[in-house]
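You will see two complexes here that share chain A, one where it goes with chain B and one where it goes with chain C.
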Partner chain A sequence: MTDQPQGIVHGVVEDLELPPEPPPHGPKIWIQENLLGGDTPTARVLNGLLSVIFGLIALNILQYVTSYIFEPSRRWSAVTFNMKLMMVQAFPQADLFRIWVSVGIFFVLVSFSLVVWGGGGGRLSMFSLAKGIRNIGVLFMIVAIMHGAPETWNLVSLPLFTIDSPTAWSLARVVFFLLGLALFAAGFLYLRASGDAAKEQSVPVLSLLVAGMVIITTAIWLIKLPVPEGQFGETTASIARTTTGPWTILFAVAIGSYFLARVLVRVFDPALIKRILLFLWVFSYPIIIMVIQRKPVLLWGDILGGGPTVWWESGLGLFVLFSLIGGAVIWWLALSTDVTVGRVIAIAMGAVLAIGTWLVVNASNDWEDIIRDGVPESAALPLWVAIVAALAGIALIAAGLLIPDGIEIARVIGLIMGVVALLVWFVPMLFVVRFLLITFALTAIAAPSFGGSTQARVRVVAVWIALVFLVVVTFVLGEAETALEFQSTTFLGGFNFSILLAITGLVLSFPLGVVLALARTSTMPIFRLLATGYIELIRSVPMITWLFFGAVMLPVFLPDGITFDEIVRVIGIVAIFNAAYVAENVRGGLQSIGKGQYEAASAMGLSTVQSTALIVLPQAIRAVLPALVGSIIVSFKDTSLVAIIGLADVLFIAKSFVPGQTSPHNFLGTQPQMLFFIALFYWVFTFSFSRMALRYEKSIGLGEH
Partner chain B sequence: MIKRLAVLVAVLAMIAAACSGSSEDTTTTAPADSTTAAPDTGGGQTGGTLAEVIARGSLRCGVSTNAIGFAEPQDDGSFNGFDADYCRAVAAAVFGDATKVEFVGTTAAERFTALANREVDVLFRNTTWTQSRDTEIGGDFGPTTFYDGQQVMGKASFGFDDASTLEDVDGAKLCTNAGTTTEKNITEGAAVAGATIELVTVEEFPQAMEQFRSGACDLVTTDGSGLFGERFAAVGSGEIEDGDWVIFPAAPISKEPLGPMYRQNDSEWADVINWVVYATFIADEQDVSKANVADAVASPPTPELGRLLGVGDDELQTKMGLSADAFANVISQVGNYNDIYVSNLEQLGFVRAGTPNDQWFRGGLIYSPPAR
Partner chain C sequence: MTEDRKPMIVSEGVKKWFGDFQALRGVTTTVGERDVVVVIGPSGSGKSTFIRCINRLEVHQEGRIAVDGIELTNDLRNIDAIRREVGMVFQSFNLFPHLTVLENITLAPIWVRKHTRTESEENGMQLLERVGIPEQADKFPGQLSGGQQQRVAIARALAMNPKVMLFDEPTSALDPEMIKEVLDVMKELAESGMTMIVVTHEMGFAREVADRVLFFDYGTIVEEGTPEHFFTNPQHDRTKLFLSQIL
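And then the complex of A and B:
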């Protein structure tokens, strides 16, 4: 299709003295440009022939698809009857409002974000809108004409372009045809009437979105879909109120919150709303999964302490301990100029490490036995871990005593904490403490680079406390039993599970990928080697192999006493896999940033970490945004691979669960239909996502030269 | 470390066994007590499954994700079918509540590792009891609940009938799915019968059925239970008339005894599973069904039933770690063997009478040791 208007017929412009705008148009020109092409008559004939042949083939494919869809024995009721199964699998009917609330939160956040960031989502020119409506109308009419299953159709006999009517012109078919005709006429007449003016006028995309919602809402109340009747029968019925009601409310809420957001933006400071909204986006997702959908049973004795739980092992105790002691250390690390404080902290941490290790080892082992028999397998601490930890502690004490410079002491502390973070995997302890120690190590390493002024110090400590809170809350909620009652192992299933895999995998893989990209472009050989090894190892093995590894073999590799749920293992594998691809994309961006940026940043007095995080990375990521969006779409589609290892995502349910049902309704042999539906389902999501990404890229000026 | 390597090798062996169905080459046995994926609750290492299940409050039962009549997924996440009902029966015995089951749909490839990794407590997953599975992959089998066998289906229009045998199929094209024992069995069976067949192998059985429908093959073969289910659905949807597709008699192409599988060296748990199955056999033998179990509990017709239903003082269930009325719950909430069979399989066209799944005194193989 060309971008030139075609509705206006006024022949070839003869006066060549006129300016070349607007170009000539009309049916003849359109045919010449779109179907014939070429410069010589022979080329035109040949090209015309090719156009006709491929046009007929395209029509034939369309006819095959429509006849497949509308074949009466197709039993699409397998899709409609099992819609809930495919979306949320075993989620109990009584608690289904939790799913609707989750979708509602998402809708509200999207509405607010459109106002705050999107500035209304841009505008679409009336010209492209009318053209789109006209073309959809044509498609509708062709489908209405061709629908039905011609008996003679097959590839060998090639009866190209047979418009026959094996089924009568039912009312639905007539309505469909007339709808197409109306759309075509509306688009065509508008284009013809307004001429070039159509290019000037435009409508906001958002109002189109609202119109779409209204149309969908009306349609779901009116439309009748096939439903099963008895074991083998099929009839049509309206969509149940339990589906139409919530959707209507959701659309109303989305539109309502859009207007609410417009008012709020005027009343309050938009920057503040942006900050709150960002916070809500980040925290809404864990809350939706962990609280709203999981319905946890909270044991307050475990959370606040008291009862059988020791107070420092309760959620509150851990939070207070880690945020106070860790916060004090981080506070100093963020501006490590005071040598005396540094000495105290280093010696104290070293003492805890060395003496603590000694005490644990001494309490659980008889040294004479160890010398005679070696370390027993029941030891609380593997011997090598104890030795490394003790050495690290002694090194810290020595550093505290000998190094005269606070910043150097801070570096040593960061390094030792990195070692400790690796060691905790081999020491039996509460899982939440493991994660808190790792979080502490990462924050301790980052703190000197992001500290500096008092304000920055406060910010770093606030981030630390927020992280402790997040880790503790995640563990408290994760360990709580769910109060949902259903006969399956997990509350996650179907499309809900696919979404969880996609989003969690993305959220985890992005930071990891950025770190890997930085490591791979680092000047230090060890980091470069490790990152390159990781990326090349992950990328050179197919994802499905990694998934099998995570599902079947990982439990064997993990240290004793550490077990993960299969879903957690698979999420980890997805994140690790995607990170390698994110890393390669980001590396491409990093290489496109000139050396001058680093030099300018360091001339401004920024440290290497600061210039990387604040100057180079944002530009690099912006440069590779299209590639990143591409990999996000790929990773969303790749979540369906978990069907092969038997996890009940939307594809697995459609492919395996539904075609296995014989009672109360028989859906044996419906596998092709189910796969057709799933293909369509994934297409709707990925296509609209890539379109949105395209609009966003245009709005920030990417891809324009 | 060596222990962990041994487990790794064992897991690999299991995958190989699950995929090929016969892995004679694997020599490593899986010591069940060295499974490192021990959960925090329960006994942890070998055994203790019963205590683990009771502590958890529900039974994790591994079933097939789609086996017509045996495990069919329902829209509430539960499963219906013959195997699923046996899961419910175990839950009824352990908890007195047949709904306390978490169904875990497992694929053919990962079922044994799910069992070894303690992700499921028991497999009721139309798993054939074979020597290699019993000895090599760290599992034990309970009593056979369904005697299946590979069968052949043809079209009546090609002159086949209910009495056709492999001798009649000389020169026919036969469809089956590749890489399974089914393919090997039919080749060996045809060679024994002296018939030449042209084997068309496809990736999955539904594709074999498509070929059969379109006429690309004259015959199709898989386990009898699968063929009956397909024919039932085709008749029901009006695709064929009753009698258009004929299934050859259960010739000894292969024996497929299906039954429960649990981790080896866990006698306590094995006893629970075995006797739940036997209880359904004995109740069937003595005509105590879901419908009349209340009367039988009120006045046991025989002393054996009195013990089994937990009425007499000499009951044995409490010695197994169950409540005295455990098996009464099984019969009243799920049913005896006949109830389970009829409600799930007979409606699909699997007639019980005259098959190995009939009672022993009627010529079948359903036989139980006495409850005393």
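And then the complex of A and C:
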């Protein structure tokens, strides 16, 4: 008997093999894959039929749209002629440079950010670029053909409007067709010539952007746009120098600052530039709205004190007082290990609160009257506010005397400041002080969690001083008169106003929404109840109802002495409404975070606030980024609802102002064109935003973990 | 045995229920300083629950636990103090996927110990060298193999400079080829004098490194002793059965 083998050695395959050649592409395969699909002959026939039917429907829709656009009787001059009105409404002509400067600042910041964060904006593969060009070419050719197609080509004859297009090939139509043919040929030939190599090659997105800017700049200097008939007897005219000039300069500035940024990141520390840039992004926006565009009349008295303003009610006085005293307290709170200091701070703050309340009540009331008649309606402080404030003061003093632990005292201080911040709304005082106290309460609550080393303490105090600065500056600027001479209720109008609504509403709604989401998932029933109530109430009522509420009813509900400008109220409503949706999205993200993450964080000794801010929220927000982008887009579009309450946003101007004009030009009946344009306008913005968001999501590797 | 050493973890009659189910039925043991204690037992025997009680990831209902003289009570300050002294390594690593490896390690030193960033990063790099993957510092956890992730998790726990390290089945989620690299790090740690409690099914590790082995079943310590005692001369029937099934 031979030896029975116990095992066989197969060894290792050393050589790498290439994958087998893919089957050759050809029209037949393309048709099979894209038009017929299916695995069985029946499925292929049915799918082919569906492809033909839907292809015809698509062509039909295209024909309707193109015929509508290119119809000679369309008065597109209503759009081109009223561009300024739609963008900025009644902004004075002499001050228009303020708008251009605002756009310029935005361009510069974008250019710098592209260098610092975007790594130059990434690259686009030649393959998709060539395919895009080829497809646009096909579209152009189809448009040129369909534009003149006889009505009998219509698959379905819908009485939307009558098509009265000339069947003859006008020069413009021929040019359009040839342009399409050229684009198609360029894309097609490139793809043919380079084959698979096109997938390897890529161009920087940025150079495409620059090319786009150059093309647009050239175009706006050359093209002629329709103008209302009768002006100089012409039907088309070049774009005014007051438009082309600034745009050319802006594009130059954008490209120039890109190269400047590239030099700067080599010379200076990129981390420093990032920090400065972040600061500029945050602060340029209020500066643009409140200084550059609003042109406030600043009085030295409001800033430095003097005249009718006492020094501590002036901007500088408030800033110095709050940043010094508050800064000192927060410096301690950020590393609350020194019990003695904690005792002093708690007792001092408690004393100020309790004695201050006493003084206010004492000054405005006669105690004998109060004992006899109760508190009069006219009291400076409502009774319950006085009681709560006094109790809070006493609690602080007691905490300072009794608690032997600095961290505990810090917690009590943060908590009681939160209570005080709520109370101040019912106490007559400078409006700005209310906001400063609320800011202080929030900073005080956060300080113990984010303080620590000297470095971290400096950072916390720096954030506090920056916040005080922001609040004080906002109020000083906001309360100053504007020097602009305009003929509407606000200096903001048109698209400029839509942008303000969208950005401010979103910026405010995000923190609110995150807090609501955390509250709704909290273990504490009172927070859960309040947050759930808020979200369900806000979401269950249409936005337009809330807008009416903000515009009409809110002033009635606000306490005496507190008034808001209509724009502020509307921004508030947008923020409050959007926050409910942000909250629900973020809540979804919070639920996706595994229990292990919480356990790891607490096993490392992170506090709840720290693990929420550093571990949970960043992951939760990343997880729901696509949904958040969706809600940003929705809320951007929803700002157009303010047209219904009569605010002059871009939609309102397009829908009502322009078609209502009869002199000097008659734009009656141009409403369809205007709405068509607005739809396109919104589409361009939201589509490019969602594309950018998609690129960003890919760049941070969303969905990879 | 280790009676001469200062007690680091004291547990007396610790009981814990999940609803009506009693997970721990009175666990009493003492772990001395520099001890390496390996906890073995069938799944559901309460061994993970026990070590999770030590840093308060689970709350025990009866009995007492003290770590380095600090009583584990409902007082938040004690819990914070204990968590600063006790490092934990999980079966599923639980690294933070949105932070780089180095950021994972420096997070707690910066925010809990309040060290500066530079200092924490230097220390973090040293720890990464100790666990043998300094070159991975700037990668994200998702880009690492399981064994590497678990070594990062060990470095992350060590960054807090803990007095005690708890390991909750650190190699159970790993491919066989990666188990050794994690066990090597743990052996090195044990030799350096770290107090460790390790829940594991790695009997080789227990035999080689442990000072003492606890055998858990039905929520209590059924038998304890030196590895030698366990693997050569187990006494209780349940222990014999368990060992015969896994060895």
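Observations, loosely collected:
The rule is simple: the second predicted complex is superposed on the first by the 643 of 705 C-alpha atoms of A that agree within 3 Å, B and C clash if a C-alpha of one lies under 4 Å from a C-alpha of the other, contacts with A are read in each partner's own complex, and residues count from 1 in each chain.
In this text, a residue touches a chain if its C-beta (ideal position, glycine included) is under 8 Å from a C-beta of that chain, and two chains touch if they have at least 3 such contacts.
Since this is a predicted model, take the numbers as computed values, not measurements.
If you put the two complexes together on chain A, you find that chain B and chain C both fit without a clash. In the superposition on chain A, contact of A:669 is made with chain B only, not with chain C.
By the touch criterion defined above, A:286 reaches neither chain B nor chain C. By the touch criterion defined above, A:246 lies against neither chain B nor chain C after alignment on the C-alpha atoms of chain A.
Residue contacts after overlaying the shared chain place A:405 against chain C, while chain B stays out of touching range.
In the superposed model, B is the one of chain B and chain C that contacts more residues of chain A.
In the superposition on chain A, A:557 makes contact with chain B only, not with chain C. In the superposed model, A:619 lies in contact with chain C only, and not with chain B. Superposed on chain A, the gap between chain B and chain C at their nearest CA atoms measures out to 44 angstrom in whole units.
Those residues of chain A whose C-beta lies close enough to touch chain C in the complex are 335, 405, 407, 449-456, 594, 596-597, 599-600, 602-607, 610, 614-615, 618-619, 622, 701, 704-705.
Across the interface of their complex, chain A is touched by residues 55, 57, 77, 80, 83-84, 86-88, 90, 92, 94-98, 107-108, 110-112, 114-117, 140-142, 156-157, 160 of chain C. Those residues of chain A that touch chain B in the complex are listed here as 73, 75, 81-82, 84-85, 89-93, 231-232, 486-489, 493, 551-553, 555-558, 560-561, 563, 566, 645-646, 648, 652-653, 656-663, 666, 668-669, 671.
Residues 4, 7-8, 11, 15, 36-40, 60, 65-69, 71-80, 99, 101-107, 109-110, 113, 117, 119, 206, 209, 229-230, 232-234, 236-238, 347-348 of chain B are the ones that touch chain A when the two sit in their complex.
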